[in-house]
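Per-chain numbering from 1; labels A, B, C, D, E, F, G and H assigned in written order.
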Amino acid sequence: MTGKVAILMGSDSDLEIMKEACEALKEFGIDYDIQVLSAHRSPELVSEFVKNAKAKGYRVLIAGAGGAAHLAGICAAHTTLPVIGVPIASTPLNGFDALLATVQMPAGIPVATTAIGKAGARNAGILAAQILGIGDKSVEEKLIQFKKKLAESVRAKNENLKQSI
Amino acid sequence: MTGKVAILMGSDSDLEIMKEACEALKEFGIDYDIQVLSAHRSPELVSEFVKNAKAKGYRVLIAGAGGAAHLAGICAAHTTLPVIGVPIASTPLNGFDALLATVQMPAGIPVATTAIGKAGARNAGILAAQILGIGDKSVEEKLIQFKKKLAESVRAKNENLKQSI
Amino acid sequence: MTGKVAILMGSDSDLEIMKEACEALKEFGIDYDIQVLSAHRSPELVSEFVKNAKAKGYRVLIAGAGGAAHLAGICAAHTTLPVIGVPIASTPLNGFDALLATVQMPAGIPVATTAIGKAGARNAGILAAQILGIGDKSVEEKLIQFKKKLAESVRAKNENLKQSI
Amino acid sequence: MTGKVAILMGSDSDLEIMKEACEALKEFGIDYDIQVLSAHRSPELVSEFVKNAKAKGYRVLIAGAGGAAHLAGICAAHTTLPVIGVPIASTPLNGFDALLATVQMPAGIPVATTAIGKAGARNAGILAAQILGIGDKSVEEKLIQFKKKLAESVRAKNENLKQSI
Amino acid sequence: MTGKVAILMGSDSDLEIMKEACEALKEFGIDYDIQVLSAHRSPELVSEFVKNAKAKGYRVLIAGAGGAAHLAGICAAHTTLPVIGVPIASTPLNGFDALLATVQMPAGIPVATTAIGKAGARNAGILAAQILGIGDKSVEEKLIQFKKKLAESVRAKNENLKQSI
Amino acid sequence: MTGKVAILMGSDSDLEIMKEACEALKEFGIDYDIQVLSAHRSPELVSEFVKNAKAKGYRVLIAGAGGAAHLAGICAAHTTLPVIGVPIASTPLNGFDALLATVQMPAGIPVATTAIGKAGARNAGILAAQILGIGDKSVEEKLIQFKKKLAESVRAKNENLKQSI
Amino acid sequence: MTGKVAILMGSDSDLEIMKEACEALKEFGIDYDIQVLSAHRSPELVSEFVKNAKAKGYRVLIAGAGGAAHLAGICAAHTTLPVIGVPIASTPLNGFDALLATVQMPAGIPVATTAIGKAGARNAGILAAQILGIGDKSVEEKLIQFKKKLAESVRAKNENLKQSI
Amino acid sequence: MTGKVAILMGSDSDLEIMKEACEALKEFGIDYDIQVLSAHRSPELVSEFVKNAKAKGYRVLIAGAGGAAHLAGICAAHTTLPVIGVPIASTPLNGFDALLATVQMPAGIPVATTAIGKAGARNAGILAAQILGIGDKSVEEKLIQFKKKLAESVRAKNENLKQSI
């Protein structure tokens, strides 16, 4: 059995971004939960959830946050599970603040950071699948098919391009 | 009675910077403690200390950290005391990461951020004195004298300058 | 008695942002005044107001400005009261200029800087409440209730999220 | 069995940074290889190595590079294994270029990015351990011990600090 | 004979930008092909196309991409033909990521980088014409006429300006 | 008569930079005074000096400062004389903060900003000469000679270069 | 007599910004001309115009440009008149490129740089007035009135604010 | 016949960087000249040289400059030959200013920009070789050999690495 993925986000306004992670996990047939858990507004809920995450069957955590994005780092502080951080562009600094606040973690507590915004959220889901695919043949096979489709979609786009020009 | 100030830093390598805050507090006759408390390496110690800080007589917290500097924000999540954040330049990004990770807090959980590095650490101590000075005549008087000396030092530097040119 | 808070802004176009600070102060039952006072267009008005602020019963100053945001720093130059600076995104640089011009104060004259824009303005109000709450039980109690509601709102958002998915 | 980790670096001058990843993997008892493989100077070697990596028993790839750091992204293009990217500060832009060139991957091809420089290289090793620890009790146990030691080291530093002040 | 120019783009959503390069090449009477070829989604297609480009009569490659823009660099890795890179603003970082990921190439593998976005795409086409014009009198003559028209258009704009004011 | 130039600097540690402005003014035979005047430490001295500057015969002000560099802007607030601002690199942000805090002035109060550091200080002196040269034939003539020497020095450097290669 | 001001802009699309400079000059009763002169598209026109500018009665040049904004610097290369540079936000980098390309001039050739965009254009006009006001009592008097009105407008805005709240 | 390459630099202090371009051209057997030609200090020399460059047998221009790096852009304004720009880190902004001032050229006047500093200077030489190699079999052959050696050097470094670990 693969284990579940927990998707956490700092605010419900991040849902539009983070549902990209949900979609990706669905494509790979991976179970997930999604919830709002703010490192700043609900620190107790975060530490409680994350400390129990492994026991509840979660294998990877995905945390998306904007601004002084501390959520992924705080999750990583409380668990030995891999934590994926998604910087979200929710301030006038366009996600640049969230990127640095997520990725520049000190030695000892990694956060696997993806790109700012929707591409990063989708990639967080795919990265979780890659991590779980190491020990799950069914997920691995889906990843191999997914990669083939990426290249095929490029070929298809070129066909369309040739006809449209 | 004024109450104490707690100075927290993410790593003992930050001591060279954060002792500027200690010096400032000494000049204003304010009690303080300083300790290493990492939001990432020792999250339990942080939440335990901060939640009990008010009961132990602390009135202001000062937190210095570099990189993805989450310490001040996490302190602010656990207390209603004012939290002052000092960004420290400890990565190749020169404290720019620490500044954004400290100052760009979401609505609801302020961190009073000062400048990057030694100037910011010293100012954190002075800001704590200004906050405590609202309710403490002795500190307030020292702040007024301090401000006079700042202007006098400018005058003195000009005298030196005239003679050196 | 708690004392009043003065909210200053560099331009009346900053009102949309700075009224977030007003709202926050109202929630904590703190008296405040708000006015336009430009460090550049009306420097005399600024120094006159700030030098008399303590005598008039103000205990904390909040200053919001954009671009080469000098207002908070100039206030801090004229008083020993704590000064909170709110960087405002009013130029093509998205508040990045205002952030650096507000936070990078030299040793001796701190400005307690909050986030760029509305979140920062709201947090300036809350930070002023935290500062005044040190010596005011009624404000302190409101802050404790406020913090509880923050965590509760996260719980409520999760309930909504579960039902909406 | 856990499987090996491959550490790739764009240039042999990156070894000083990337050996931090080696050290971390050793601490967790994880097999690894390290080699120079440039996305730009030896693209054939990269694609050949990466496409065969899974068959050779590698389960996680770590790629460190500076400047227009394409190595991690190109690895990710050729495999469904998780790829961890370490930005290295090897140009006048202090690793800022390497960070953006590593983390801002398009949807479909994630790179799990860590911090710039040595902290990021060490964290890449730890993250690989966390990923492999999902399916390996011995690694998982070492991670739990490691996390305890992190908190203990903070306590120990505080003891030293108290005695040195 | 002049030889063809190949225009590659990382995604079909880049077409709106990259058709500026097509337009420029048409103005100089230079043959070109345009296609979608992603360094990340279709790495095999890229290396196959680029390695055969010279044999197929291509003399200059133009590659446009956004985010962690690796396309131009990967093309440059596979050919000795000159490669022109166009950074595209397709993420919240406004093309700043694409610029650094394109221009900061390591010694040995140059990418001739132009400006972000449409101006850069148009200039990529003109630069290709300048390169081919070294050995092609007809293109050279068109470039000389083009340059004259640039100056004339400035004169014409001034005439319009005088009449409109 | 040409009138004097006042050179102000936020700190005596800025003297090494600002003496470049002195040197330039000497080369053009222009009278100047230099003094330390901090917008933050000695705001009264600044406003007093600047308000009387015109009456004392000053015609141009040059102000150099680092960090949240408010000095030039505050001078500009108090006078109708032209104010030249020199950003100084005195914090970990390399003068980037001082540049934005000096140049991004709001409409109504210009600061004529030059480059960061020594080049900017020297250019501030030259710019003051250009401004005064409008009404002073002797300064104008020196500027014309200076410009000729710039071109000649390029020629001389080329001679040296040819012989050294 | 005061002398004229020449306003140059790199493109006619900059007119919307640069007419702010025109408006300011009109307010101070200063003669001006405005024209499109591109450092890149019409380099001969620029050098011809600028070299003859003094003889034609111009006393100050204002040059606005976006992107790799070379216009002000090239003007400064050809004249001993003061040159004011206005960075314009005309690329995805929001004028940040134009600011650095305008302000970071090497020692010997100053450009008096103002803020990005409309505020900078208006301030360029005011700065030209300040420069010409040194030798023109009528302009100086208008500047003194203008400064008074700035402070009065702040007072008026406060009256409005009090009534609107 | 291949034609010569002209290497221009804004200052003789840039020689340490730009000699990397010389070295690269020597390796490919390409004739070159190098000289100091400042867009700002000697604008006439620049336009005179560049306008005659084609007639004198130059086929590619390489221009290196720091700060507000206008040299490459101004060269491009005066010729239809391809111009390669090398940004040099000669100010406190680490070449970031030079990069933007070189690459962000407006539509119509391309500059083929390479990386900041020595890597960029070396790549400018290689890019010139690639451009000239289109019409010169001997250069083309050297480029093919050079590319092979790049891959071989990676292999050799790996041998060394294996033995040193």
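The rule we apply is simple: a residue touches a chain if its C-beta (ideal position, glycine included) is under 8 Å from a C-beta of that chain, and two chains touch if they have at least 3 such contacts.
Note that the structure is a prediction, hence the values are computed from the model and not measured.
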item: Pair exhibiting more inter-chain C-beta contacts, E-G or C-F; value: C-F
item: Cα-centroid distance, chain B relative to chain H, in whole angstrom; value: 48
item: Chain A and chain B: spacing of chain centres that average the CA atoms, whole Å; value: 34
item: Contacts with two or more other chains, residues of chain E listed in rising order; value: 11, 38, 41, 44, 67-68, 91, 93-94, 96, 103-106, 108-109, 111, 115-116, 119, 150
item: Every chain pair meeting the contact rule; value: A-B, A-C, A-D, A-E, B-C, B-D, B-F, C-F, C-G, D-E, D-H, E-G, E-H, F-G, F-H, G-H
item: Complex interface listing, chain C residues touching chain G; value: 12, 15, 34-38, 41-42, 44-45, 67-68, 91-94
item: Residues of chain G defined as touching chain C within the complex; value: 89, 94-96, 115-117, 119, 150-151, 153-155, 157-158, 160-161, 165
item: For the chain B and chain A complex, residues of the former touching the latter; value: 10-11, 38-41, 43-44, 47, 66-70, 73-74, 76-78, 91, 93, 96-98, 100-106, 108-109, 111
item: Residues of chain H that touch chain E when the two form their complex; value: 3, 20, 59-60, 80-82, 84, 99, 103-116, 118-119, 122-124, 126-127, 130-135, 140, 143-144, 146-147, 150
